[in-house]
Every structure is written in structure tokens, then in C-alpha cells.
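Have a look at this one before I ask anything.
Lettered A, B, C and D in written order, each chain numbered from 1.
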Amino acid sequence: MGLVTYKQLAEHNNSGSCWIAVGGTVYDVTQFIHTHPGGAKIILKEAGKDATSAFEAVHSVELLPRFDETVKPVGTLDKSSERLDSNDSSTAEADAAALRRAGMPSLGSVLNSFDFEAIARQTMKPEAWAYYSSGAEDEITLRENHAAFHRIALKPRVLVNVSHIDTSTTFLKQTRVSLPVYITACALGKLGHPDGETVLTRAAGARNVVQMMPTLASCSLDDMLNARVDSQDTWFQLYVNADRNVTRDVVLKAEARGCKGLFVTVDAPQLGRREKDMRLKYQEDISDIIVKTGGDEEGESSTSTGQKKVNRAMGAARAISSFIDPSLSWKDIEWLQTVTRMPIVLKGVQTGADAVQAAKLGLAGVVVSNHGGRQLDTCRSGIEILPEVVADLKRAGLHGKMEIYVDGGFRRGSDVFKAIALGATGVGIGRPSLYAMSTFGQEGVERLLDIFREELEMVMGLMGCTKISDITEDMVDASHLSTRVSLVRDMLHQTVYEPLQPPQFNRSSKL
Amino acid sequence: MGLVTYKQLAEHNNSGSCWIAVGGTVYDVTQFIHTHPGGAKIILKEAGKDATSAFEAVHSVELLPRFDETVKPVGTLDKSSERLDSNDSSTAEADAAALRRAGMPSLGSVLNSFDFEAIARQTMKPEAWAYYSSGAEDEITLRENHAAFHRIALKPRVLVNVSHIDTSTTFLKQTRVSLPVYITACALGKLGHPDGETVLTRAAGARNVVQMMPTLASCSLDDMLNARVDSQDTWFQLYVNADRNVTRDVVLKAEARGCKGLFVTVDAPQLGRREKDMRLKYQEDISDIIVKTGGDEEGESSTSTGQKKVNRAMGAARAISSFIDPSLSWKDIEWLQTVTRMPIVLKGVQTGADAVQAAKLGLAGVVVSNHGGRQLDTCRSGIEILPEVVADLKRAGLHGKMEIYVDGGFRRGSDVFKAIALGATGVGIGRPSLYAMSTFGQEGVERLLDIFREELEMVMGLMGCTKISDITEDMVDASHLSTRVSLVRDMLHQTVYEPLQPPQFNRSSKL
Amino acid sequence: MGLVTYKQLAEHNNSGSCWIAVGGTVYDVTQFIHTHPGGAKIILKEAGKDATSAFEAVHSVELLPRFDETVKPVGTLDKSSERLDSNDSSTAEADAAALRRAGMPSLGSVLNSFDFEAIARQTMKPEAWAYYSSGAEDEITLRENHAAFHRIALKPRVLVNVSHIDTSTTFLKQTRVSLPVYITACALGKLGHPDGETVLTRAAGARNVVQMMPTLASCSLDDMLNARVDSQDTWFQLYVNADRNVTRDVVLKAEARGCKGLFVTVDAPQLGRREKDMRLKYQEDISDIIVKTGGDEEGESSTSTGQKKVNRAMGAARAISSFIDPSLSWKDIEWLQTVTRMPIVLKGVQTGADAVQAAKLGLAGVVVSNHGGRQLDTCRSGIEILPEVVADLKRAGLHGKMEIYVDGGFRRGSDVFKAIALGATGVGIGRPSLYAMSTFGQEGVERLLDIFREELEMVMGLMGCTKISDITEDMVDASHLSTRVSLVRDMLHQTVYEPLQPPQFNRSSKL
Amino acid sequence: MGLVTYKQLAEHNNSGSCWIAVGGTVYDVTQFIHTHPGGAKIILKEAGKDATSAFEAVHSVELLPRFDETVKPVGTLDKSSERLDSNDSSTAEADAAALRRAGMPSLGSVLNSFDFEAIARQTMKPEAWAYYSSGAEDEITLRENHAAFHRIALKPRVLVNVSHIDTSTTFLKQTRVSLPVYITACALGKLGHPDGETVLTRAAGARNVVQMMPTLASCSLDDMLNARVDSQDTWFQLYVNADRNVTRDVVLKAEARGCKGLFVTVDAPQLGRREKDMRLKYQEDISDIIVKTGGDEEGESSTSTGQKKVNRAMGAARAISSFIDPSLSWKDIEWLQTVTRMPIVLKGVQTGADAVQAAKLGLAGVVVSNHGGRQLDTCRSGIEILPEVVADLKRAGLHGKMEIYVDGGFRRGSDVFKAIALGATGVGIGRPSLYAMSTFGQEGVERLLDIFREELEMVMGLMGCTKISDITEDMVDASHLSTRVSLVRDMLHQTVYEPLQPPQFNRSSKL
């Protein structure tokens, strides 16, 4: 491949002939722009330019040539050639970022996990904030996830010697962790921080908690694994690909490189409608592309009315959805059991019946989760489902055969305590770790974990518990989980939350 | 009839002698103004003018000579004669409409059914908005209708192959539809769109859903039926007239022209108090007309106190109420069974007891409905009543003998899913279709139906259902429908809703 | 008694020698100012002046000489003598009143009972508004009174011939009324309208409903009785005086002049803390008077700590409280049975147990009431207590032996319907009648009653009821009265309500 | 010790050599600044100055030399020496205080306990307000404490002679009090008033109620005891020190000086996170001090991750926490029984089980309390726990063997009534007494107690009770305490409450 100058590159800046440079290589993506899951416009914005930083913001560089067979390298970018001022936009973005961070509170002022969210909301790039913070449709379940904890009351015991409190526990019978908390898998870490998911890996290592590494990370799996400290256990989260060979390869690689658990996402046969994300994307002018399409691309089936239009501008969420296979079923789980010796855990179980089925298959566990309220709106919170799962497993004589994890809405040490009391082995933290990462980087994530530990220690002390196994069901009044009646209204969480809005009028437009 | 010039017409511009031109004919309505259900003032505003557009906004032109025997044609309008500038008001209205629509968001920005409502609220004529959006009295039931869905939680199953999802179903054992959704009957479509209900007919045809055609349409029944595409099934909604012969004629006509179901409205022996509508009408200065009247006109009986005053300015709702007969009873239903072979469905049933009675009569179905919260305030939502209806029919051994439809507050695909899970065959959509029509016309209504389909497909996929018959009762937790305790507070619906207000002071008036 | 000129009167304008003229007579009230239940300051404002209008605003003129033996007439006011400009304040008040009423909406714009309240709030004298609108302490019960109706859902029946609807009923087995609604007793009618309670008498006569005439009316009993139309039945509300002879006299007079029922208030052994009223009075500068007092005046007992201070500035409510006897007990009721043949009804019963006791005594009825939320805060609403009363009477075999009335928070025809369905014979309307009177006088009260009738007729028609006896318990779902969970949040009522405020800082004051 | 001039003192104004003068003595605190529980910065602000007033704001002067063995007196302050203008800050503080109190409402305008809070919020020093008003974490329990009372409805009985009402009762079988209310122990009284807790002592004496004297008072125990009037009974609240000899000494002293009860705090093995307090402290710039520390200082244990950082700037609350021993257990209670003959009461019991344990040990009572919502968030209110405690004691056959006190959220006389009805002997008042003290001093506290008495008298009268023993369980409907459903929303309490906020951006900072 020959050298391509910036000037030559710039000549292919349209849908007729579209080149982009990524990681020093120039690619012809003319055909690919029409099949790009994220839509054509987002590529055309970068046409004729060095798109490395834009690309890396959401993908690992190594991914590009694998994206599609139509993507063809045409040469090596001649970085010594004369640059055009095409990267004005990145300067403008840097200015905007500085403006957003002006006067930002220091890490020392952060008292709780909500503070990270409040700061992130004001300092993150709008599209990153929209992708991380959005939930499905009316965001009922998104908010319910945290609200449910205010329906559980603590019943503290007094006069217990709590001079020494130990928050450590064991996950999947093999990993000793400092806290019954892990960092759960979230996609597109580079939206929030240039180093992406490796920030989380390093913070998890520093604080001796487990990170669950995502399939849809913006860093490569190798980058994340290489960021581990010695003896740091991690898990791998799996989206099963339509091509099972791709899945087999990645699972075997994860196991070979020492991952200690395989968490198979089972609640995302297709992606949910995250309208805050969609709204923003539309406003950013990439939504006018309504293309005709047939069939079942992106998991959308055709209907009996025949032809249909599909709005491609579904936000960052939809851009990654083609990696997901809607045909995933219990048979695939059995197949995975033949592929790997890693303990297999189903991520996204929402009924006692499915947990029982998992236990019957001899799986290592389930994560009771509604995917952070991002998939199906008006479903129950993980913490509300937890007692049903425990009860059904007991009824089936399978309680204790399998570990139960839970995520969704955990924001306080007391939330963690409540989940343990109701039968969970561990608790996944998602958005708070992203907000901490996006605002203060690794130091922020470490502080977040410290806050969880400090709060949990304090709660344990005030509850009369000195170790995790002291935490028992009779220490909480969870009778209101099912009646849906809360203690008094939460205010801080509500203050930090950004409400949904209908589309806005552009009243300055001329008549 | 001779020609009447604009100048001659303009001379009869008062209550002493009142002429109006409609559809090219000039009528003397001097006597009619005092018996007009909508009040005299609304006619006097048009006195001496060509009132065609004002008339068509609420009525079909062919209706006028049939309104009342006192309405007499006096000539043909000479359109070549010199126009007076009496139609300034329509120019002003056009300007106002343009102003309201300035900067209006595009159809592409509409993500959900609420967005149509948000845009309609800002762009519709105030009186049209007031008529469509208003509910009875405190609008408790109006809001309860949607709020009730947030008391039902979804319980998704995982690891089901959902590659192919089919949302189609069959209505009244004969009509295959693309969705378990129909467009329900709403009066006065021309308030929102110049083409009125035919817009809905065409959109229904394009998307293969059923439209229920209203008795009180502003288009004629023929107009609507002519707007059908080949093989498009439609239903006819019936308000039974005090003159049963009128009713017999219209029913026979509907059947002859191929309507596939007769939906008899049974919840409107008189019209409810829609105060948002009344408030606006009053402010528009047509309410000072307090006329003395005796008897039971408009369904209002005299009281033991004898004489009374009736405020005629009850908004658009009251203007059409005289077509409704308060004496309608079960005997009339039995009579209708002798008149037509169309399947008969009762629209507006709110108790299990009445549903059982309908089943005993061998009717084809009931629509569990509170008339969109427009009739009786503080009654229950359709979705809350549905389980009572199913339980009572089961108890009576009549479950399955009759189809159950439901309407009121359906705004999301998940709402539709919940109704199916609780035993409904189909779901009626009212206001959303009017808002879509009023903002974006036929294209808007088609997009609305697409949104319902897309959302329902997504919910089915995430719930582990591939076809309508996969949707079962155990997939929802409806235990809170009866306890009235919701998941977290809905915010988007509440943002879009326009709260009621007391009458306003005119503080700029002089002392 | 000789003539007293305005100039002579004006010389006695201080606490050393204090004369006031009322109704043409000049009184020396020097001694009385220190024992006036409403405090000294309110009298001293009128010292040396013709206080007739100020006095009549709260009292009947005939009352003054009977107030206290220390009040002595000293002469007749010489109205031909030269006036001083001491009545500037009344001119200012007239200006303020005009300002408040500027741009006031017309009676025609009033659609419901809340509208009267909204207009009254802006147009009434602040002290009158404070006295009428205030409730006890946090006004929890005040608001609960109406809110409770939103916990009762209506279950309408369809296909009933409702061409003719009759809202009339019979009270106390003798009085045929047009509506199951009466105007209940409220004190100090002249605060809202110069003609006071006689306005209500006339409106009640015009609409054939019963007025309950208050002991603490600002008109005399004779004035009210003389305002009746022929054959107009009225009731008398009784506060039992510490001097039982006074009580005997007024009861015998009421009976002699044709009152058809004696409603004995039993929920006011002392008056509640109405802080909105107290707050206003304080701000009006009459609250600095903290006088030392012993004993049990105004129903306040001394405590074991001995001496205490009593704040006399307790608002209009406290000014009338000395007419009330805290020793009232069941024995007094038995005594009243020997005094009169009028049916005796206990007003203010709040438990089933007390209703049973009343029935055992053979009384004619009870009014289930919490005194409009003005006495004890956080007690239950009348409508919530009603089912307990019915159940306890049934259990005691006494149901049907006695009539049950209820008041508190009735604002809609549907509220009345619900009370009838739950077992009430009639419903008392308090504040709405005062607000209607204060804003539009007799015409306003008549319109209010018309609104109640129109709404009740409409509800009956939509529920499938043609007469009061058709209204049955199974037509309402009252299961949530006891669970306290409402339908969706009421908005109109909440908009009209004026929230309580803490005392305000005067930040304009100098440092 | 020689004389030290202001100038000499001022030379030791840094962390290298740090002197402060307190009470006329100059101390070298150079070593102490690094171990000061409140952090170094707060001392360094006073370095080289006469810190008496700053010190006395939180401590008793006599405490300083006892704080730490490293604190060494170096001389006597020569008050005749030339003053430097180092006390500008106290002048500025005085100006700020005057500004805050400008236009402050008079005591006469205070109608209820909320009014004191509303005025305190605006007039107190921000750090004092933050310390007093803050609760744990999201302040759910803080607000729940009062909200719970609105779930209890009163059921008044009528026709009881209530001419004479007696609110007096007996505490711990020995102390006759005017009210079933006591002033509970709160730390740091001098933050609110220069005379600190002695203000409360004097007011309690004047109104014949009991004060519970705190271990962590800012006045010395002697100061408080000396402020008693003759025959005034008081209690002593005990934080058990890690050094049991210190505890023995203070208990023996309290007993010797006539304290009538020993209330051992059992709900504070460590202090809760009061983030409002922490937020303020941080903003005041004393939070940058993050010091490395090992071990279990301040009750925080080390974790398995080894080294950790502790943020010392935890607000006033943490500054006093080192006096508290996390190892306190039931064995210590048994030891205390051997030390004193005072009745021992456990303060901070939150379960029936622990109350039963206390009764089994033969203790005199328990205080059902969550420490004013300052320790553990989302635990239940005292009033909600009370019925569980009564039921468990009855089940164990121990009811009546022990007295039950309760605190948390008591703001109205009706709240007190409800607690008595549910089985409490007395009720503790905390924050309201601090707010009354901080705004109006002793007179304010006396007025607060008068308001409680007036309200309780009124409630008793309206409920049909003439003495405390008339108050019975059947007079309240507490069925909603456990369902968590309230009467209508409280508004006044909510208006007065200051919501939590996330950290604020300093948007004026330069880019």
C-alpha cells in the first residue's frame, strides 16, 4: 500500500467516494456507509479526514477492518504531508469540553455516588451523557431501580461489639474481594474517558474488586486484560454473536487469558428504546436518514404490511446492536457449557422461573438484572425480583446450589447491605463507575469504591454486623418491596435525575 | 332560488335577520339561532358572511338543511359579486395557525405517541385542542387511564428465540390485522385536520388496522367509506338516535356498504362536563347567552324547583349532544340484533356485571372503556376493569364466548402488551390518532401506527414472545392495579399534560 | 340618655376612657376592653368612633349590651353633629376591596365549586378569607376531607333508561328537598357579605334546600328566620352555653319559630388552632397583647406549672369561643330531649361507637363531621368514617333507626353521590356556600346549588340511576378509603388551595 | 508560667510552631494539630491568636488541657499587652450574624414548632445550622420521622366533660412532670447559643420538664447542674468511653450530683454520614486535609486492602466522635448496673427484640429512637417501631416491667398524644429545643414547651381525654404506620425542610 497525503484523502470526502484514515491506515468505506449500523451520516462527517479519534471514541482501532468485508485499506496516511484545517471540529470540541469543566468541583467535594452523576451531567459530552444516562422509554424502570431501595427499611441491632468490621467476601467460590461489589459490564467506555474500560480495570485492581469486561467495550479485550495487576481476577461478559464461531473464539480467549467467570447476557435479544439518547442524536442532525430496508436487520422483523421504513438514527445504543443475536436460547447455554470450564452466569434474569431453570442446568449463578432499566420499561427492579428468585429456588430445593448476583440502581452502601440481607452474593455497579471515570478518571473510580466501602462499613457497624455473613434477612423490613409504598420521597436522587422532554420548537425560526 | 350578492348577504347580519352562506347556498337561520345546540353567538359571528369554512370545521355540509326545519335556503351565493372584507377573520386565523406552527419539530423527531400530543398542544387551534384533550371535571379519570399502566409490571422471560416476531391478530373472527390495535371513533375530526376522519381511514388502510367510524364524524359516512382501500375492513360506531328510524337507516347503510362490526356506545346517555373545553368556550365570549328553557333538552331534566337556567355554552361537546338518546336500554340492543347481521359490540362497559349481561345476549363483544375519561370522572380505567370483566365472565361460564376490547390511555406498545396479557383481543387508540392527524396528517397517523408496532415488537421480543398468542397473564404483575400503588412517578406523560386552571382575572381592566 | 356629638365621642379614644358608638347608641367600654375575647386592640382601633360597621362585620348589633355587664350606654349619637375624618380607614378599605375585585371573572365563568374558592381567595378581605379558609394546624385533615373522595371509584351501569332523573329526597322524615344537600352552619357570615347569613337563607329558599342556622351567626336568629320564604324548612345549630338557661331560651325560640331540627355541635368543647387565621391576625398587629390570666377561660386550663401567658390574638375563631362550654356531655343531650320536641341530631360524630350511643338515646341522627378540618388535625374525613358508622350501627341492630348526615370536603356532585351510596341521607356544604356568597351574593349561592344539582343529575344519569333510592353501595369501589391510596393526584383542588407559610422576615428593615 | 504578650503569641501562628490562648492561658498545640479529631485546619485558623471564643463555641474551656497529653501550657496571656487586629474575623462574624437576624420575626409570631426551625434556618450560623439540621445520607429517615405521624389518624370521642385537663405525668416512677415531654440530649449547644445547654436547663426548670444532659455538651456537666432550680430533676445521657474509668467517674459524679436517670446511648458505635454538614465543612475549605492514618481511629477499621485515606473533614459530627467506643456491648450494660443505682435506660433501641433483652436485664426503660435520623438512613421512625416494641414485650410477658420512651420527629401536641396512645410514657424533643434556643434563647425554649402543652391540652380536650391515663390505643388508627400510606401530603414541614444538594460548580472561575 502506498502513501496517501492529507490532500489526496480530502478528495474522497463524499458518498460517491468516501475514504477515512484510522490508526494510520486509509480505508475506502464507500460501500460500508450504507450498511453502517450507526448510520451513514456519522461516517460522512469524517469523510476525507483522519478519523482516528472519532473512531476510537467508540471502537477499538483493530475492529475496523473486521467490520465488514467491503471496508478496504487503500494506503498508509502520509503524516508528513501538509495538513488541511479539517480538524477544526476537534479544537472546537476541546474548547467546549473545557467550558463544561470550568469551575468543576474537586474530587474532595464528592461525598456520595450521586455527586459523580451530578458532575458528569454537566461536564460530559452531551452524546456520552445521553448514552450512559438514558433508560428505556419513560425511564420508569430506570428510576424504579433506585427508588425500590427506599421501600426496604433497616432494623438495626444494638450493643454488638463492632470494633472490627470486615467487608470482604468470596465470589464464585474462588475470588476473595474486598467488597461484595463488582464493576459490571458497560459498553463504549471511551465515550466517557479516552482510556476507556482500562480505567475501570486499573481502579478495580487497586481496590481489589472484580471488573466484568464487556464484549462491546471500546477497548479491546487484550487492552483490558493487559491493564490488570498481578493476581487480579476479572470476569468476561458475553454477547453471543450470530456467528457462533466468533463467540467460541472469544470465550476460549477469555478463558485462556485467565478470566474467572463467563457472564452471558440474556436480556438483550434486541436493544431497548433509549429515547433520551435517540432525542439527542436526532437533534444532532443525523436522523434525517430514513432508509428503506427489508428483513430483520437490527433484530427488527418485517411485518405483514410489507415494506417499512427504519429510522437508523437510534443513538449510540443501536450502533452496537448488530453484534447481538435474537435467536439466543437455552440450547446455546448448554452448548457454551461444552465450550468452556469458566463458571457460567446468566446476566439479566428477571423471574424466579428462569433462575430455577439456570440452577437445573447446573450454572454457577444468575445476575438478577433489568439491564440498568435500558431494555424494557415498567419491568421490576432487580432488588424487587430478588426475594422471588430466592423463594422459587428454595421451593425447587435448589437454593444454595447457585450464587445470586443483582444489579440496578445501587448507589449507597445501605443498598448493598439490603441486597446481601435478601440473599445476594454480590452487587454490580454500572453507571456510577462510568460517571466516576468520566469525571475524575481512575482516581474517581477508586474514590467511588472507597465511598461504597466506607458506607457499607458504617452501615454494618450501625446494624451490629462485623462480617458479611452476619447480615441476615431479619435485619430488613422488605414487606414494602411488594406493596410498592416507599418511605418518604427521595429528593437527592430526584434532583440529580434529568427528566425526559418532548421535542422542542425552534421558535427563533422565521415564518 | 335567485343569486344573492355578498353585499345582500351582509345586510342580514344580526339576530333580527340572520343569513349565512354554506357551500354556495344562502340560508336564513334567523329562527334556528335560538335552538342551535352550540348556542346563538357562534352563529351570529358568521351572520351575513360565507360561513362555509367555519361550518365545515365541525359539520358535513350536507347536514345543514337537515339540522332543523326552520333553516330555509334563500338563494345561491353570487361568488362573482364584490366581496366585502368580512373574511378578515379567516386570514387572521391562517396567520395565527402559521405562527403556532413556526419552528415545529419535524415528523422524524417524533419518538413516541406523547410527542404528537406535545406538538399538537402548541400547534392546534385552541378550541380544537380543548375539545380533543379535555376530560370530565377534574380529569382524574383522564389521567388515571394512562397512569394505571404504571401499576402493572412486566416479567420478562429469557433465552427464547425471538428472531421472528409477528404482531398480527384477528378481530371479530373475520378481520386479519397487522396489530392488536384499532383507531377508535372520535367526533369532529375536522377540528384537527381539514380532511377530517378520512385521514384516519386512509392511514388505517395503509397500515392494515381497523378504523371505527363515528356517528358524529365531521365527514359523512360516505366520505369515510369511499376513502377505504380495497379489502379494508372498518367498523361503525353508533349513537342511537331518539328517532329509531334514523338509527335503523344508518345501521342498514353501514352494513350494506360493508362495515364489519357495529359498536354501540352505551356510556353516553348524556355528555360529561369537560371543563377545559367549557372554560375555553366561555373565554371566547360565547357564554353570556343564558337562555331560559324548560324540559329535558340536551338530556337535562327539569327539577322540582321548576324553572331553571341552562348555560348553553358547554363547548364543542355539548354542541353535538342532542344526537344522543338518554332512554337507550337493553331492549334497544335486542332490537338492534333484529336489524343487522353485523357483529354487535357494546362500547363503554365498565363492570363485569354488564359484560356478563352482554354475553348472555349473545353479543360479539364489549369495549371496556370510560370514554377516554370524558364522561364520568373518578371512574376506573379500562385496564383496571379488564380483570374484573374476565373474572366475572369466567365465573358465569361465558369466558371465550365474546371478545373483549379495551381503550383509554394507551400510549405505548407495552400498554398494548399488558392489555393482551390481561385478556383483551384488541386495543382502541383515540386521542393519539387525533394528535398525529392534526400535526402531520395521514403521514403522522401512519407513523403513530408504526411506533405502536415497533414498540410492541420490541416488547414482545424482550418478553420472550414471538406471536400474540404467546402473551399470557403470568407475564405481568397486575396485583397493583387494585391496590392503586404505582411504580415511580411518571414524568413524561405529566410534562405533556396541560393542567386545569380556575377562571382568570383580567387585571388589566380599569377600576 | 342625652345626645353625644362626634366630637365628644372622639375625646374618649383611649384605654383610660373608651367610648364607641354602635347602632346609634354610644357605649362606655373602658372596662370591657380588657375582657374582650377578641383582645383589647381590636376595640381600641375603634375607640372614640362610630364602630357600627366594624361591629356588624362580626356581631349582630343587638348583642353588644348583652356582651358584658360592664358595657354601659352613655347616650345617643348626634348624627347631625360635625363629623371628624375618623373614618378614613373605611374609605381605604373600600378602595382596597375595589382593587381586589378589579377584573373579577363573571358568574357565568364559574364552572364548578372550586371556581368560587379561587375567586374568593383573591377578592375577599384577607381576614375574612383567613377565617373561612383556615383549618386546624397543618391543614392535613382540611385537605384530606376532599382528597378522600378520590379514593372512591365509581362503577357505572349502562343501558338504563335515564330520560327522567329526580334528585329530590326527604330529610328527617318531614322535609322534601330538591337535593340531598343542605347548607351547613358557619359562623360570622358578615365577614364575607354585608347581609351575612340571610343571603344563605334566601338562596336556600329559592332552591328548596335546607339551611342550618348557626348559633354564632353574625345576623340574629330573627333576621335569618324572617328571611325565609313561605314553607321553607330550616334547622338550628346549637352551641350549648355554659349558662343552660340561655340555651333553653334559644332552643325554645327556634322551635317556636318553626325550626325543624336541632343540630347540637359536639366536636367543639374548645376551638382548634387555625394557624392561617392566627398568622394573619398577628401580622395585623393585634398580637402583641400577651396578657396574664389565670384559670380556664376560653377552655384553657391552668397547668401544674402555675402561672401562664395566653396569647389572646388567636384570630377570629378565638373571638367567638367563649360562647362554648367544654363541660358538655351526654347528660346534656338527655336534658335537651326534655326541652324540645324538635328532632335532635349530633353534629360532629367521628366514631361508630358514638353514633351507636346516639342511636341508643333515640336521637334523630348524627352528622359525621370533623368540623371542616377546623378542630383537630390528622383526624379522618367524614366520608372515611361513614362506612364505620354504618357498620357499627348494623352490628348493634340500630341501622335505619337514625339518619346519617355527613359533611367535609364536598365539592362535586359525584362526592354527594358517593356519600349517598355509602349510606348518608344528606350532605352538608360549608365553605363553598360562603365563597359563593362572598363573591356573588345570593345569585352566587343559587348558582352553586345549581351546579351541585347539575353535576348530581349528570352523575346519576351516567351511573344509571334515576332517583336517589337507586343509588346503592355496590356502585362505588370504596375499598381504598381505608388503604388511603388515591387515584391519580388531584390538581385543580391543589391549585386553588393556599399553602401554609412560616412567619416572614421583614428584610427591608434597617440594621 | 510567665506572661505571654499578644505579639509573642502571634509569632507562633503556623504548623511549625502553633500556640493558641484559651481562657487566659497560652497553650502549645503544635503536636496536637495532627491528631485533632476535627482536623488541623480548624486549629490553624486560630494559630497565634486568642481562640477562647472559637474554642468555647464547641468545647468547655476546662476540656482543653485534658484533650491530649501533647497539649502544653506555656504561659498566661498578658491582656494588657498591645492587641493585634487579629480578631477582625469575629467582628465580621458579628456583622454577618446581625445581617442574618435583620427583620427577624418576633417570638409572638411563632405559632408552632416549625416556625422556630424556619427562623433558625435563616438566622443561625451556617455551620451551626448544618450540624443541627443534618441527618444521615439522603435524610430519608430524618424526614420519615415526622412524616410517620401523618399515617396515624385520630379518632375523637364526643360529649365528654373536658373542663379540666391535666397534662402532667410521672417519669421513671419518681419525677412528676408537667408534660409527657422531655428535652433530649444534643451535642454542641454553644453552636446555637453562647450559653449552650444551660439555656435548656433553665427553660426545663421554669416549665417543670426533664432535661437529659449530654455527655458531649459544650457546657461542662457542672455548669448544667448548677443551672438547675431547686428540686429540678434531670437525667444524664452517657456515651461510654473507650476508657471505662472515665465512664465510671462521670456516672458516679452524675449520680452524686442528683441526676435521676442514666440514659446510655446504644445506637452510635460510630457516627453516621451527615452530608449536609460535611458539604458545608468542605465548602468552608477545611476539607483538603486528607491525612494518612492506620488503624481504627474514629471507629473506622482498616480494610483488607491495607492502607487507606481518611477524610478528616467530616463536619462537626466527626469532630466529637472519638469519645465514642464501638466495642460497647450488653456486657457493659451489666457492668454499669454494678456502678450506679440510677435507673438505666437504653437510648436508641430500634427493634422489639432488643427491648425484650433490655427488659430481661431489669433495666428501667428504653428510648425507641433512631437518633434523630442522624445515624443510619432508611431505618424506621421511632413511632413506627413503638407498636413492635409493645407487642414483643407483651409476647414476652414483660410489658409494664419497663418504661418506653420515644423520640424523633415530634413537632405537634398531637404527635405526643399518638405516642402515648401507642404505649409511650414520654417523648423526647431534640431539634425543636435547639432551634428555639438558637433563635430566642431561654424565652424561646419556654415558649416551645408552652406550645407543646397548649397543643396537647387542646388535642386531649378534642379527643375527650382529661388526663394522660385517659389516652388509649383505640383512640388512634395506626393501621397505616405499617402500610406506609399517609393522609394527604404534608406541606408546612416540607416547606421548612432544606433539601440536599449536590456540589456546586463555581461558574465564575476563569477558563
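A few remarks follow.
By our rule, a residue touches a chain if its C-beta (ideal position, glycine included) is under 8 Å from a C-beta of that chain, and two chains touch if they have at least 3 such contacts.
Going by UniProt, the chains are A, B, C, D = L-lactate dehydrogenase (cytochrome).
Remember, predicted model here, so these are calculated numbers, not experimental data.
Interface note: chain B and chain C, two copies of one sequence, contact each other through mostly non-matching residue numbers (shared numbers fall below half of all numbers used).
A separation of 44 Å divides the Cα centre of chain A from that of chain D.
For chain D, residues that reach two or more other chains under the stated contact definition are 483, 485. Chain contacts in this assembly form a single closed ring in which each chain touches exactly two others.
Chain C contributes residues 98-99, 102-106, 108-112, 114-115, 117-119, 122, 149-150, 152-168, 176, 178, 206-208, 412, 414, 450, 453-455, 457-459, 461-463, 477, 479-480, 483, 485-488, 490-493, 495-496 to its touches with chain B in the complex. Chain contact summary for the complex, chain D toward chain A: residues 137-141, 143-144, 147, 266-267, 269-270, 272-273, 275, 278-279, 282-283, 287-288, 290, 296, 299-301, 303-305, 308-309, 311, 326-330, 332-333, 346, 348-351, 353-354, 375-380, 482-485, 499-511.
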